[in-house]
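Below are the structure tokens for one structure; questions will follow.
The letters A, B and C name the chains in turn, as written, and every chain counts its residues from 1.
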Amino acid sequence: MSIIDRALEKSGASIKALPPFDESLPLVPPQPVHTSNAAEPVAPEPVTAVDAAPAVAPAVAPAVAPAAPAVAAPAADPVRPNPPRAAKAPAAPVLIVDDLRVSFPNRDGGRTEAVRGVSFTLGRERLGIVGESGSGKSQTGRAILGLTAPEGLVTARRMEFHGTDLLRSSVKERRALRGGRIAMVLQDPKFSLNPVMSIGNQIVETLRAHSNVSAKQARAKALAALEAVQIDQPERVYKLYPHEVSGGMGQRAMIAMMLIADPELLIADEPTSALDVTVQLQVLAILDRLVTDRGMGLVFISHDLRLVSTFCDRILVMYAGKVVEEVSSGALADAKHPYTRGLLNCLPKLADDRHPLPTLDRKPEWAV
Amino acid sequence: MVQSLPAKSGGARFVGALKSGVNFLGVILLTYLGLLAVTFFIGRVMPIDPVLAIVGDRAPEHVVQRVREELGLNKPLYTQFYIYLKKIATGDFGTSVLTSNPVMTDIKRTFPATIELATVGIIIGAGLGIPLGVWAAVRRGGLVDQVVRVMGLIGYSVPIFWLGLMGLVLFYAKLGWIAGPGRIDVSYEYSVTLVSGFLLLDTARQGQWDAFRNVLSHLILPAGLLGYFSLAYISRMTRSFMLNELAQEYVIAARAKGLSETRIIWRHALRNAMVPLVTVVALSYAGLLEGSVLTETVFAWPGLGLYITNSLQNADMNAVLGGTIVVGSIFIGLNLLSDLLYKLLDPRTRIR
Amino acid sequence: MTRSASSSPGKESLHDWLMSERPHSRRQASLGRAYGAWRTFARNRLAMLGLVIVIALVLVAVFADLLAPYSPYIGDLRTTRLLPPSSAHWFGTDDQGRDILSRIIHGSRITLYVVALVAVLAAPIGLIVGTVAGYAGGWLDAALMRITDIFLAFPRLILALAFVAALGPGIENAVIAIAITSWPPYARIARAETLTIRQADYIAAVRLIGASPWRIVLRHIMPLCVPSVIVRVTLDMAGIILTAAGLGFLGLGAQPPMPEWGALIANGRLYVLDQWWVAAAPGAAIFLVSLAFNLLGDGLRDALDPKGVK
């Protein structure tokens, strides 16, 4: 018997009786967050292993929400203290994507598809897109925004944002959308902030690109935006350059920069992957609050399944350019697709005693 | 949430700046010393006995000895070097065998012509080269891109003096579009009073527009030639830097903000590319000065380069070395300046 | 290295043997690598053009006596002076009645001589300085790099000029002068490579066996730096040719009657306004050869160091 077992026996407990360690607990006490009711889940159809049939997606979308707030809420989730409530009257979907395909020319002269027929609908909710590198999740996000590299080819049967057809919009129209109504937060503030411009100027730049405000007003708003992301000394940070602030602060500045024009949809492409774990949770809390307060739709792209499951209402699991499963975060444990199950299996649990640790056994048929 | 910024005390920052400054000065000093050592060495290595060059080979022994004493050739080498350094520091480069003037006077007389030529050249080169390079990078693979690549290739391969000659043949001898060698026609030469030494400025200030046009006509081919060479280099480097910047994440972020492409190119990408670009322009200017030796020979441009080559033909070592030191110093200075500029302009390495 | 019995080239084609993922011997591996680099290089048509021209230059220089239609040194002042290009004299004749084509052909020898000599002088110096500085580290590294930086900041042409002025004109002096100002970039490159290589485990292994620093530098580190230095040397070739031509133009290179290309242009300069052909052809030759080396160098760089941004 191990020391721990002996100690526990003495105290009358056993390992198996302990509640599972809640790894989502942050290392700093949670901040008080406004309760809000902005989250309206679109009908979660738990456990649909989505095959290539695109018919599933539209069927999911405008369906009326069923009864239950299906999530069995884990106790006191500090990042999401308010899991999605009962559905209100279904609002018009914010984003509709149908059969999105993105391809790039490859070395042999042909084309490689990075995104192969992704479809989903998004309301005023949080959608997580989870996948490993190369699964096409980032490209999906960029395609929505129109940021695909020029040699890439983006096609879709439908891609609409609040009724605006993104596929047929002119370059100008799409540019007006970017930053103003759809925003994107990128991964590493070290690289995604312009190194030769001060942080304040970059924030002001976004604002002035979308609305006609005077320089003074813009500055005031930028300072307010910095405060909103809980930066302590906004005037000081305003004048700093990106390399002079820490990663967490830089990412918060980026969030401020992207949200200052009050967009309705936020696409967060691995927003915390470049940060330390402790800082991650702080930034996520800020993101959570802002998204909730403003009632924005959120697409959260990440490789971290656990993070996404605590942060988002619905999860899209992508593999090799396709969506292999769409599941609500509460029903994640009941996921059907072997890839998702494999990912879940790989998540280490402290209470487990598994030797050897399971790894993902990729089957070629998942990529078909 | 409190995030404290790393605070450097004023004293620590000052010491840091001081250290960098001292380091930089040390590098400058050492490099100049090296240049002077090399020129000193060259001067002493001459097979021609400097004494004989002055007194001739028929002079009696005591005269030779006296001149040898005067020149300090009896002293040990490091003493000679020290004397040499002192002289250089006071601007005494010796006397020109050819013109019997102090070399410094000759240099002062000829220097402005070279500067005028090189400056107009770099204005053409950078003024056209940077926009061309930006265009080539933005429309990658397009016509301008190909043109920039080809021009760069030609610029790196063609001998500048030959191109100048061919240019003279075409534009002067065959087409008669421009004036020929020299800086200004003889007919105007004495009607212009040299104030700054820059003929363009002097003629313009004195309102002598005929002379001004004449000067321009003389200037345009050699300056255009130099401009082409610096353009080939600058546009290629601009293109390379811009391609680098346009592939960065912050450009994607800027697009995500909804900024116009023009703004992104000029205020984001180019602003970042400017950092290494300034050093490129400085180095190109240095290269133009160096190449002046050849260009001025072709165009009979009375500048420092021509002075050096003329002195060369006449074995006037003092003049050659004096000119070498001046051009070399400016060259080195521009090199080091460009390093300094790079550090100053990049906010990441700026001394805070 | 023992060479195990590999499958005979009869069973698989030579190409397969070279590109095999499991080479059986060190020679097979290094040949395979070279073959791979060659294939990348060969795909670049411009680089191949450069290579062809350089090879042509070598051939022309070697067979100059056979290829030149006339003597490069002797001309008939009475009948063949300053003739324009014609079928008899493709590039015309100069002021001493000499056929310019023949002079250019013979001048290629001088060009090749200068290029080869400068490369042979400057590259090893740069390699040694760079690898020693990179491997030794500490004050030796700092001192060597200071010297390198000082030389790097010098203007090549001007200094070569002063040097040749002091030593007297002549092709050897020109070569020395150019070589002295050409080695610093190679030292920099070699040092940069050495700094990366010396962290490797196999260097530590060799050191554990007891190899002396000199042996390590010479036998293990230097060979790995050679490809980058070669690329840089090739790219520099054009500049060296142009500098040598410049010196020749100023009368400081090969002395008459040697038909050095720069000197040919200087010769033609006196007559250029009316008899432009005297200066035209030699310059075109310089241009062609420099261009070839530039293309060759670009191709080599792309083949050996693919991570550069195009």
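Simple rule for what comes next: contacts are C-beta pairs under 8 Å (C-beta built on N, C-alpha and C of every residue); 3 or more make two chains touch, one makes a residue touch a chain.
Computed from a predicted structure; not experimentally measured.
Considering every other chain in turn, none proves to be in contact with both chain B and chain C. When every pair of chains is scored by its C-beta contact pairs, the maximum goes to B-C.
Note: centroid distance chain B to chain C, computed from Cα atoms, is 26 Å.
Centre-to-centre separation between chain A and chain B, using Cα means, comes to 55 Å.
Of all residues in chain A, none touches two or more other chains. Multi-chain contact residues of chain C (touching two or more other chains): none found.
By the touch criterion given at the top, residues 27, 30-31, 34-35, 38-39, 42-43, 45-47, 153-154, 156-163, 165-166, 168-169, 172-173, 240, 243-244, 247, 286, 289-291, 293-294, 297-298, 308-309, 312-313, 315, 317, 320-321, 324, 327-328, 331-332, 335-336 of chain B touch chain C in their complex. Against chain B, in their complex, chain A makes its touches with residues 142, 145, 147, 175-180, 183-184, 186-188, 191-197, 205-206, 209-210, 230-233, 236, 240-241, 243-246, 248-249, 254, 257-258, 261, 282. Contact residues on chain C toward chain B in their complex (touch as defined above): 146-147, 149-159, 161-163, 165-168, 238-239, 242, 245-246, 249-252, 262, 265, 268-269, 272-274, 276, 279-280, 282-283, 286-287, 290-291, 294-295, 309. Chain B contributes residues 1-3, 5, 248-250, 252-260, 263, 268, 271-272, 275, 346-348, 352 to its touches with chain A in the complex.
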